[in-house]
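For reference, the structure I am asking about is given below.
Think of it as A, B and C in the order they're written, each chain with its own count starting at 1.
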Amino acid sequence: MTQSNAARQSPSSPRPEGDLPPSLVARDLECVRDDRVLFTRLSFELRSGGILQLEGPNGSGKTSLLRILCGLRLPDAGEILWCGESTSDLAGEFHRDIAYVGHLAGIKRELTPLENLRVTIGLGRPRDGVDLEQALDEVGLYGFEDVPVRNLSAGQTRRVALARLLVARAKLWVLDEPFTALDRKGVAYVERLLERHTAEGGLIALTTHHTVNVSDTQVQILNLSEPRFRPE
Amino acid sequence: MWLWFHKLGSPRYFYDTAGKFIPWLGGLCAVLMVWGLYGGLVQAPADYQQGDSYRIIFIHVPAAALSLSVYTFMAVCGAIALIWRMKLAEVMLISAAPVGASFTFIALVTGSLWGKPMWGTWWVWDARLTSELILLFLYLGVIALYGAIEDKRNAGRAVSVLSIVGVVNIPIIKYSVEWWNTLHQGSTILKFDTPSIDPAMRTPLIVMLLAFGLYFGAVVLMRARAEVLERERNSKWVQELVQSR
Amino acid sequence: MSRAFVTLVKRDLLLAFRHRSELANPILFFILVVSLFPLGVGPEPNLLQSLAAGVIWVAALLSSLLSLDGIFRSDFEDGSLEQILMSAHPISLLVLAKVLAHWLITGLPVILVAPLLGVLMQLPADGIGVLMITLLLGTPFVSLVGAIGVGLTVGLRRAGMVLSLLVFPLYIPLLIFAAGAVDTAMTGFPIGGHLSLLAALLVGALTLAPLATAASLRISLN
């Protein structure tokens, strides 16, 4: 599934201890909502440089799974390992490495894009040399830095949320429908963004109904409606 | 011990075990209740000061005592539910809430009935009655919150937090109300000195306390069984149980 | 860590400033409720004076209910709360930042208009002074404990009624000690004991309430 990454690592050169590339492993996850088992015995392994694309019809638990990965929702069974350690033990340390763009953008409409990004930086870990204006420029919001988000279009609001990924510099991106509301140019831009992140060794878990066109990266597809994830 | 604790956490095991306990608890409760009521209402002598009206303590005192302990029980269940993620503790908590609220209500009503011949009015802002009233509000808060949240797993965890917050506050509330009561002296000149109680009155009182405790145990287990069935209605064992009936 | 705290306080103050037309509403409600009392019970100065502390405190609690829901509501609706809970910093610290901002926006104005209401209720000058001290110690408690209730109900569409049922019983000790302090001061007795009890309540809430709020927010977002 993730051969491209495995191929790059030659087996004869052991990696130095304590500097393992990041990996995300889910073991036997189960999610129950309103007495309905959305999925059970769900396991996967996502390695540095890989993309995990969740598929399935509406209500199959894609968003719930992403929220479980983020630690926002408790799994009804199973556990998640980040770099080999259970995320429930890591808590804050895990959240340092993860950036989430959810169904709700988490963007304050009364604030300008620049002010929104400043909040992201303030709540994240301290970093030097993050150029907020450049990040906004890159997502195509040049000239809109100081316009309240309330006056921007849905697509532009989405771009502000994506700019958060550029400034947060997290290893793991969790994206819920990142292509919604974007025009064709926007979609192409996001795909380039995903490519760049995986090339730098990042990990991505996302949901979308769209075929993700990324070169040089293996996209692992996990369909939640498969019978093996259903209860017996 | 730990194994037993875990086993009890399984809904099915709980359902079966509780089913065996309930008749014993209920039967013992009925025996003690008859004994206590007979002892209290017929055998015990009339009070030299209050006449027969004091006999309401055989209901009032056990209800008031239980009203407080049930809330504590709920908070303990809440802590277990949050720390060990034990679903059964949530079920016990929410099954106990309406029972505790009824005890509180009975304590309030009997207290006010007692007050009528004593104070000549249905309600006085006596420290104990006031605390009991606030306790009733705390119970109603738990019940309302559980009812308002649709996802019952989340609702169970939310009321766990709430009952722990409540139990931290109960001593503070009790203390502040007693203090408030002494500050605004006036209605509480009549104090009951319970320690100097006649043994003929004490025995039925203790019997009634036990009977109320057993009643609580039996009713909570019955409610918890029903709640477990509802929560697990899609599971195999509940389906089989329904089929076999 | 303190940077995240400051960021969040600043953000909430900026948001409040952008919505400044709504800021006055809870205060107007507070003033209105107190002004209704003389109309209801009559303008007799001695009667008003004896009711003053209780009435002003009850009105302050009622008006807090109008603003409390706003602590987390808009953050819940636009997804910012998810981002806050996913921060690498302790959630209880960030909760404290939000509560502080809420208190600056809604608690502080209550303290500032209290003298005016004290005059309306015929409270003498020393009574007004003590009233302001009790409000200074008590309104942060209201925000802190209220935040627990809001955390538990933020996922509900109509949270108002449930919220009042959850938090008002918890405010009773505060009401008793605060109103008691003002009454005691007017009869000329020392009030050190009352004030230290109020301070103890505040310290207790400062340490425990953010933890409970963080736990309840996690549950509401689950």
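Just so we're on the same page, contacts are C-beta pairs under 8 Å (C-beta built on N, C-alpha and C of every residue); 3 or more make two chains touch, one makes a residue touch a chain.
Nothing here was measured: the structure is a model prediction, and the numbers come from that model.
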Exercise. Among the chains, which has its CA centre at the largest distance from subunit C's?
Worked result: A
Exercise. Which one of the chains is closest to the middle, using the mean of its C-alpha atoms?
Worked result: C
Problem set entry | Inter-chain centre distance, subunit A versus subunit B - centres from mean C-alpha coordinates, in Å | 48
For this session: Could you put a whole-Å number on the gap between the CA centroids of subunit B and subunit C?
Result: 32
Seminar exercise, completed: Distance between the CA centroids of subunit A and subunit C (whole Å) is 38
Seminar exercise, completed: Multi-partner residues in subunit A (2 or more other chains touched) are 74
Problem set entry | Of all residues in subunit C, the ones touching two or more other chains | 222
Exercise. Which subunit B residues touch at least two other chains?
Worked result: 151, 153
Problem set entry | subunit A residues touching subunit B - in the complex, by the definition given at the top | 32-36, 74
For this session: Would you pull the subunit C residues touching subunit B in the complex into a rising list?
Result: 148, 152-153, 155-156, 161-162, 165-166, 168-170, 172-173, 176-177, 180, 183-184, 201, 208, 212, 215-216, 219-220, 222
For this session: Could you please specify the touching residues of subunit B with respect to subunit A in the complex?
Result: 85, 150-151, 153, 231, 233-234
Seminar exercise, completed: Interface with subunit C, subunit B side, in the complex: residues 82, 134, 137-138, 140-141, 144-145, 148-149, 151, 153-154, 157-158, 161-162, 164-166, 168-169, 172-173, 175-177, 179-180, 183
Problem set entry | List of subunit C residues in touch with subunit A within their complex | 3-4, 6-8, 11, 14-15, 18-19, 77-80, 82-90, 94, 221-222
